[in-house]
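You will see two complexes here that share subunit A, one where it goes with subunit B and one where it goes with subunit C.
Now for the complex of A and B:
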């Protein structure tokens, strides 16, 4: 870890001002710090000042005021809310269960107690070439993506490169289908819809999100999604990133899906919306197993797997179907299928 | 002077222990009068001059009070470092001065500066749980928190679980009774994680126990005995047989 100064601003505005301060060569924000400390230890980033926003609250907040609130038909999550608090929130569990399910078994209990909502959305990819200090990949200014000809078991099947990372956040796809919005200060914008928070590598391979220098996420809002569900296929049940994940939002007319929105995780460099699956699910009964399988199979149309990740083509439809069943209140149906 | 940075760093940064003015450091070894492996390794460095205690509280105090009093005097963010600064951490109920750089993790502050070696360093990436401690009642991995980010928080390590008269925590007693360890290196992390669970869930189910301990790894594979230990520590009958079924 390089040496750095540690700054504790009192407000998000102070943090944004520090980010833009030309006296610092590389100021970085720290939320929970799980991803940042990892980067520091690996020597992947060498800031001269770490700006701690972990414990910042909105200006009106008093000590102990709730991190998750609901008003005007919107759910609001403060940037520094931990994943554990999201998973445990009564508001989230009742009004947008997909968010709670997405983070409930992310990482480990220890990580969920520290990692923050905003930090989860803005964490860097887990690609082992990116994480390897001596590997000068595209994302780090190098000339090639080593995953293309290398070990690409965990890489993208959508997005068409030139960098084949998958976005590591479980929360991002779930928040995307709930019409999530990131609220920011320090720049020209005040709100960034989740669907516009991320960009594909073709636009800028060095970054994953559209935040401008100096922009700081203060909180998130989203719409209630009472009929929603999340399902991830993982190699390990603890401290692992999904092989594929699916977040599903639905409107049900009895057992029939009248409207659906699906966003996949771990298959593309951004949360991957699947509008064709949305259309295929419409009108299908959640009790119609064959119908659900047909609709979910549409998910992998247009996928371009690499040498070692073709298995994701088989997993993705399964993950979506199970997320549909969980959203429909039929989690037991996911335990006996293949 | 050892070249290994893991050994070199405590030598160079040992003032923290001196500032406390407690031989062996708070909660650390050395009380038995013998020379521990750790104290032997670092004797070479204790001659470093302790910097003035007067400066000790300053940077730390400002940083800690900063969030609680947003309208307090002065403007702009509080800053520490990059050089070492004297801070105070609340560890096991004791106000504990320590001199650290901002780039020091809580685990390094505990183990290298304060000789509190209960929390173990294994993966140093938050993936194994061996360094688990409680910060403000929450289970965290000390290797992934910066020490300066813990100013103002209540830190409880495995050294702080036993009561003042030395009576072990029920979790510790049941780990012993159920032989819930083999090499023992992961044990402090599992004990703290188990205590964190029982603090919020006094009568956990087996599934809840497994989930609560899922951030800890035991390479010897003594999980079934640990699950039994936690069950009995919570007043429930052990259910796991030796095969882990």
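Now for the complex of A and C:
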């Protein structure tokens, strides 16, 4: 870990000003600090100033005012809201359950008590080549992606490289299907739809998001998604990243899906929208198991797995179907056959 | 999320082992110190003015160090010494030099300033990389297989699994001018001292090792002083200052020893009733850069297969060498053996329990099978491959054998005038509960409550105790401690008898802290102790320690679920029956069994050191990517301490680990109808087995 200054701005505007301050060569923002500390320990980033935005609130907020609010038909989540608070929020659980479900089993209770909404969206990938201090991969300015012909079990099946990370956030795909918007200051833009917050490696392999230098996320908004669900397949049920994850938003006409939006996690360098599945689900009854399977199978069309991650092709349709059933409030097809 | 918690499962871990031990109710004496942080481990010993060691290590599986800038590293503020000794790295983590610095940060900066430039070389990262083709069957095996009614050829593999000790390897040396205190993290307090005198340039008598607490060892902290401790001692001796040398997490995972990988090839001929008529078994061990130590004990489960073991070969790869790992060579072999027997049973259409009953050599296993089958609900087991639902339940059986040690070592018991007692022996407690076991051994033989006894272990000056290896500490030193305590008791009773004018001290006894005469209360313990000489009494063991009959057999039953759509395996219930002789410390014994089951499940389902196949770098050299079982994956575990007719003390650190991974493999096979022959049984492999129904993933 290198030496750095620790800055505590009073407002997001101050944080943005610090980010733009030319006296600093590598200022970084700290939310919960989970991912940042990992980077510092591994020597992956060596900031000269760490700017703590964790407890910053909008100017009008008073001490103790809620982190999660609803007004004008939108749900608002402050940037520094912890994952634990999102999971526990009555508003979220009732109005956008997919968000609560997405973070409920993320990481560990200790991490969820500290990790923030914005930090979760902007965390860097878990790719073990990227995370390894000794690997000069594309993302770190090197000449090759070591996963392509290396150990790629946990890597992307979509996105076509040249870097095969998967986006690690569970919250991002969930927020994407809820028309999530990141609100920023410090740049030219004020709002960035979640679907535009991330970019593929082909555009810029060194970064995962479209934030410009100096832009700071202040809060998130999204539309209610009362019929929504999340499902992740994990190797380990405690403290592990998903092998694949699916977030589903639906409109139901009785048992029939009249409209659906599906976004997959852990299969691509960005939250992976699956419009063809959206189309295939339309008109299918949530009680029609065969119909759901057919619709979800469409998910892997166009996937290009690497040598060791073909199994994700089997998992992705399953995760989507289970997320659909969760959204519809249907019991899981996991009764014990014993 | 799937809710994996079965509603009919009891939520407490309250086994029915009551009355089986010398002390059923005692909890770990050092429990509060450990959970409050008051316990100071070697790694906590950041001494004032200490120097810190940082190692120059090979970052690849094989590479030549072409150039480095020693001057730049020396110029880093706080750097005391830079030494690069080697140029050829043969595994990721191999030490090729070291930095001595005033702080950990200065050492890290110096490593970067060295700017090592490497040329990578081709690597081998697995047994498969070194074993091109499977050997042809011998003539004898061939003829048995050719004429066989049924036959099976299968290859089973287990991966490299580092010990992953929570407290990393190393030691801190406190320089005191004419002597040195060494705070070592070791499984052998006495062995850890060997050779340090030369590094420190001090007489052997002036080097004292202190090892109050050890954060796990599992075999990797056996042997002499660790490399990290030796480097610290060398720096302390050279600069006449305190010094600190401990691995960081990455170094712990890649260069402190590991359970070697294994491969087992079985070719078996058998008849439809499960009678094995011939065949052979070959095994391989993946030993990294070491020359040996890669055993794969396929007889660990004690079945009488009647097949010759055709050979074992240790093969190298570009990885760190092995260290003994909790029951070295046993779990690897038992995994292959258990699954092999279940595959034979399946081919014969037999219940594997019936075949295993037939194949075990000793009746005790059959008795354990009967108990375990009842406890796990074996009668609810469905035939292998018969389930078609999404979530399928599997049942599996594992067996284990072990060996025992005889009493040995030295112990002493000191009784003071105020009635307080010290139990002394120079062994250590690497989390096994030895401290508490020693206290109970002394207290029960002396006849006083445990809370009167202060246990002194983990110091080199104490009566010589054993290293924590081979599950030998308890069978060696507990009878010895009891011998010392009985010696103390005899001395006290002599004094009491003399004071009472009694001709024969044998009429007196100490029961629950009360002196009795002819079975009736005679005087209080405190009153008796006031009659002791001012310095109290010190009683050593007299070589009268004996150990009675006991067993080392184990049987485990595993019940689990497999999600056939995702391949996720979820352990539900484990019954772990462990023969363990006379139990001294019940909760400690249960904890050993439960801990071993947890480690075995983790080995079976999650743990695998991942080498990049092209450059040989270990990619999961941390405890995030190196996956270890966590709370949501924890089943209900019932340890059964099997003590029937046993009077001798046995060690159970290792044997309960042996059976688990094989039992899990059998249960997965039972659930999905296809064997997963490679550990760990991760979802991709389970799905692969399901897709291929018998093929390897």
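To be clear about the criterion, the second predicted complex is superposed on the first by the 330 of 338 C-alpha atoms of A that agree within 3 Å, B and C clash if a C-alpha of one lies under 4 Å from a C-alpha of the other, contacts with A are read in each partner's own complex, and residues count from 1 in each chain.
Quick note on the criterion: a residue touches a chain if its C-beta (ideal position, glycine included) is under 8 Å from a C-beta of that chain, and two chains touch if they have at least 3 such contacts.
Predicted, not measured: the structure shown is a model, and the values here were computed from it.
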item: Which superposed partner A:132 touches (first subunit B, second subunit C, both, neither); value: second
item: First (subunit B), second (subunit C), both or neither touched by A:238; value: both
item: Touching partner for A:166 - first (subunit B), second (subunit C), both, neither; value: neither
item: Which superposed partner A:184 touches (first subunit B, second subunit C, both, neither); value: neither
item: Partner chain in contact with A:111 - subunit B first, subunit C second, else both or neither; value: first
item: First (subunit B), second (subunit C), both or neither touched by A:311; value: second
item: Contacts of A:4 with subunit B and subunit C, given as first, second, both or neither; value: first
item: Contacts of A:153 with subunit B and subunit C, given as first, second, both or neither; value: second
item: Doubly contacted subunit A residues - partners subunit C and subunit B; value: 1, 105, 108, 237-239
item: Residues of subunit A defined as touching subunit B within the complex; value: 1-11, 14-15, 18, 30, 33-34, 37-38, 40-41, 48-52, 54-56, 63, 84, 105, 107-111, 113-114, 237-239
item: Touch list for subunit B against partner subunit A, complex; value: 63, 66-68, 70, 76-83, 101-103, 105, 124-127, 129, 132, 138-141, 144-146, 148-149, 193, 196, 211-212, 214-215
item: Subunit A contact footprint on subunit C (complex, rising order); value: 1-2, 4, 6, 59-60, 105, 108, 112, 380, 382, 387-393, 561, 563, 565-568, 570, 606, 610-615, 617, 619-621, 624-625, 627, 629-633, 682-684, 687-688, 691
item: Residues of subunit A defined as touching subunit C within the complex; value: 1, 43, 101, 104-105, 108, 126, 128-129, 131-132, 134-135, 146, 149-151, 153, 231-240, 243, 308, 311, 314-315, 318-319, 332-338
